[in-house]
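Next come two complexes built around chain A: one with chain B, the other with chain C.
== the complex of A and B ==
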């Protein structure tokens, strides 16, 4: 497995009327080809912004940190520094779609309502595969078939509103994959769908990823979904990754109090009579980021005088795992 | 699309029919009728004593003694079947002769104004939305407010002055002297085009200002849509992306108000025409009202409302083409 994407120390700030806010601070993660990284966190934790930065899709008011590095290895093995490509350059357009594909949460809103599914698919196919119109249409039908849309030859000429929600998301997957990306970024692709449809779409995405050997970044707020689809997981809180490691191990044995809280908050059929245990408190606004560990305001195990003063560094309590928490840092320090 | 077009076309015909009934009723409102005014005009000052029986004879000759419903059908039938709008008494000639060329001149002013409005305001509005918050954007906003605040007859005077100073030409009217009464020819049409831009600019001015703001607002909304981000994320070149996705939907409110624009141009035209010395229908309409020349007034009213109804039909078709959800009835 080769590392196809490595993000180091990514910080993103926005100039706003109320001053500079920094919703992403020092984020480091990597994706290997053929594997899935799950990015988990509540809304506002900076998951989507981080991935949008990879594609240079952020508004003009966004500024990347000076020592932020995003290195992508393309299909031909060439290393490309993301985030600093010229706007409108051919290179950037090749990366967008052709190398890195993106699927969004709202399948209805991600299609334009005034063009047929086929029109929008063929546009991507002609751009990235260099096919003629007729071949592109045939390829589009083939891809629609592949994602399990019945009667694809007729569906290709339909408008997005003529499809059901689940069908639309399947069509969006077909559209994104038809450009042939090596890395797929899926931004909460199942959140807006019914639970039964969710499971189907997840299955489909996992199968397609295996078949095409793509790397994938799967953004979600749902650790249950992560358990089904991700190989590795990174848990984000207020713009920093607080814990990362292999998905199974993190879920079985979470090290950060926030990860533990998220897992406790998942409803379970085994304990129907227990009340849900939500993570107490609200996620603070990025304009009022707490001093020290950003989670200390909601953490039951916070050490006063430490957690609310200084931000913890990343430590490795177990092999292959990384945590940003004073509980572990003090432990490893006292052991040493 | 064919079914949609037919439906809208049928709607247009029905609307025109209703409008024609209203116009006919308006023609009937002033006291007296054609016979009274004809007799008055013909014999006043001649010393001839006109009796009620004479007027009754004229009335019978012209078929004015028939019931109103029949007279309506005579009137509309003449227009539809023979293009005959009846007699104009003020001029002792047919309405068709009186309005004649003015119809085409008015149509020329109307279409060049519309074309100019949209060709200028749509690209600029899109540009302002894309460069939102830039100096150019603020500059355009200032221009817009100026454009909306400036009365256009004043603008017409100012433009007339500068056009005369800079281009030297006598710019009032629609034709140079040598073509004014000449028969239609290519040279005359070209001469008209050279004069047409001034009234078009004057009449388009405020509409351009208004439509720039409309396009800018809807374009700004459209630019923030997820579908635009999604298209960008699949590598669609920016220029193509702007035209294909947000711009197509952003011009929707402009297209849907084509009928209003036509209406506004007709209402502003007479005063601009007076300042610029144009011959067009609006001024004639005012004169016809003053003379109670209701056949002429009716013909002009009918043509103007038909133009508005027809442009609404065009606007409907364009809207359905821009946004296929409309004809699918979603």
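== the complex of A and C ==
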């Protein structure tokens, strides 16, 4: 398994009327081929923006940090620096879709309502696979079959509004995969679906990923979904990754107080009569990012004089794990 | 207290059918969409009844029909009043309704594609829904009028009821309920845009409870919120229920939240109940295959989650062409011949445990609790 994407020190700022805000700050992560990285966090934690930067989908007012590096190794093994390609260039068009595919939360908003499903799929197939129109159509039907859409030969000529929510999301997956991406970014793909349909779509994505050996970034706010699909997980809070590591280990033994809080807040069927334990306080607004550790305003274990002054660096309390928290930094220092 | 006195709302064979027109070349065909097709249950005073089901199962329609936001086609909704006697909401006149409605309330769902937007409802519907019943909706962004201050939003049910003429009395009541919902009283003069999702949902709850309703429908009230804020709101609703003795009909598709909130839970499938039981029983000894399938579809944060899941194939059938016999037979892994021919009886297989399945006794879907 090779590292296909490495993001280092990614910072994104926006110029707004109220001054510069920085919703993503110093984010570092990597994706290996054949593995799934889960990005979790509350709304406003910067999970979507970070991945949009990879595809250069940010609005014009966004500024990338000077030392931000996003390196992608394409199918032929060539290293490409993302984020600085010319808009409309051939290179960017090849990356978008052909190398990195993206699935969004609301499939109705991502499909064009005025073209048939098949039409939209064929466009991608002809562009990225260089097939002729008739072959492209056959390939589209094959892909629809693969994602479990029954009667694909008829569905291919239907419009997006004729499909149900679950079907549409399957069609979206088929569309994205038909361009043959090596890396798939899925931004809350199951959030709008019923649990039964969500389970089907998660099974499907897991199977397809295994079959095609793709790397995947899976964005969600649901740690339950992470446990089902991700190999590794990165927990984001206010634009910073506070903890990362193998998904199972992080969920079983969280090291950062925020991760612990998130896990405790999930209602469990096994503790029906206990009170739920929310993370205290509200998520601060991006214009008023707290000084020091961004989480110290809501953290029960905050050390005054340390956490509210200086931002903690990433440390590794356990092998394969990384945490940004003064609790661990002081521990590791006193041990050394 | 006798059992009769305990019951607040009694729903008997409630049905809501919508006419759907399909244009053919020379004629217009009218089909009946049976969104809710014969649903019976009751809600006790101070109790929360959860209502779960996939989208399109008719959850919201049940909630609205009870409040008479839509007129039921058939059946009875009886609202038991301690002093003034019982009233059948399904057949009540407009004038009678207006008196009762302020005692019930509702909190709204995210309306991505043409759903109900509460600020559009503000006038007629909210005025109608005053002192005894009320609603809390899902999306706290579209359910607050952006041009009204928080104080005015919360006060609106009181003003509309016409019972409070005195501005100071209204203010006092607004401040009281706002404080109970943990809103900062200094923020009452602000407009909704200045608040986060969780705070907005508190405003919606304050508005729903300001008239001291007996009954509140929470329609997906916590579904759009982050898990931590969701936990806060669930705790708040439970506290308020304990203080005020209000009954909730808690509609949600997220089963674990419903389990936390509810005393009893009903499972709805294509307009009919398939199972209705006390929460513990429903979640740990479900008798209907559909309930079991819903439960096994919940993604748990426990990587070693251990019970045999069953995966449902396909999607919920179109209610315009509801399957014959048991409506679940097209997706049921245990379906036999009888299921497609015979409608299963709605029966009580254990005290307070109702199920509609021919073979309920043969299934054992019990799962052990994990600690």
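We take it that the second predicted complex is superposed on the first by the 336 of 336 C-alpha atoms of A that agree within 3 Å, B and C clash if a C-alpha of one lies under 4 Å from a C-alpha of the other, contacts with A are read in each partner's own complex, and residues count from 1 in each chain.
Rule of thumb we're sticking to: a residue touches a chain if its C-beta (ideal position, glycine included) is under 8 Å from a C-beta of that chain, and two chains touch if they have at least 3 such contacts.
As the structure is a computational prediction, the values presented were derived from the model and not from experiment.
In the three-chain model built by superposing on chain A, chain B and chain C fit together without any clash.
Of the two partner chains placed around the shared chain by superposition, neither chain B nor chain C is touched by A:139.
In the superposition on chain A, contact of A:94 is made with chain B only, not with chain C. In the superposition on chain A, A:106 contacts both chain B and chain C. By the touch criterion defined above, A:283 reaches chain C but does not reach chain B. Counting the residues of chain A touched by each of chain B and chain C gives the higher count for C. Within the superposed three-chain model, A:176 lies in touch with chain B and out of touch with chain C [touch as defined at top]. After overlaying the two complexes on the shared chain, residue contacts for A:127 are found with chain B alone; chain C is out of touch.
In the overlay built on the shared chain, the residue A:167 is in contact with chain C alone; chain B does not reach it.
Legend: residue contacts after superposition of the two complexes on their common chain; A:114 is shown touching chain B, with no touch to chain C. Once you line the two complexes up on chain A, you'll see the smallest CA to CA distance from chain B to chain C is 8 Å. Comparing which residues of chain A touch chain B with which touch chain C, the overlap comprises 106.
On chain B, the positions that touch chain A within their shared complex are 225-227, 229-238, 244-245, 248-249, 322-325, 328, 330. By the touch criterion given at the top, residues 54-55, 112-113, 196-199, 226-232, 234-235, 238, 253-257, 259-260, 279-280, 283, 293-303, 305, 309, 311-312, 315-316, 369-371 of chain C touch chain A in their complex. By the touch criterion stated above, chain A contacts chain B in their complex at residues 55, 57, 87-88, 92-98, 101-102, 104, 106, 109-115, 120, 123-124, 127-128, 159, 161, 172, 175-176, 179. Taken together, the chain A residues at the contact with chain C in this complex read 42-43, 106, 108, 164-167, 192, 194-200, 202-203, 221-228, 247-248, 251-252, 261-263, 265-270, 272, 275-279, 282-283.
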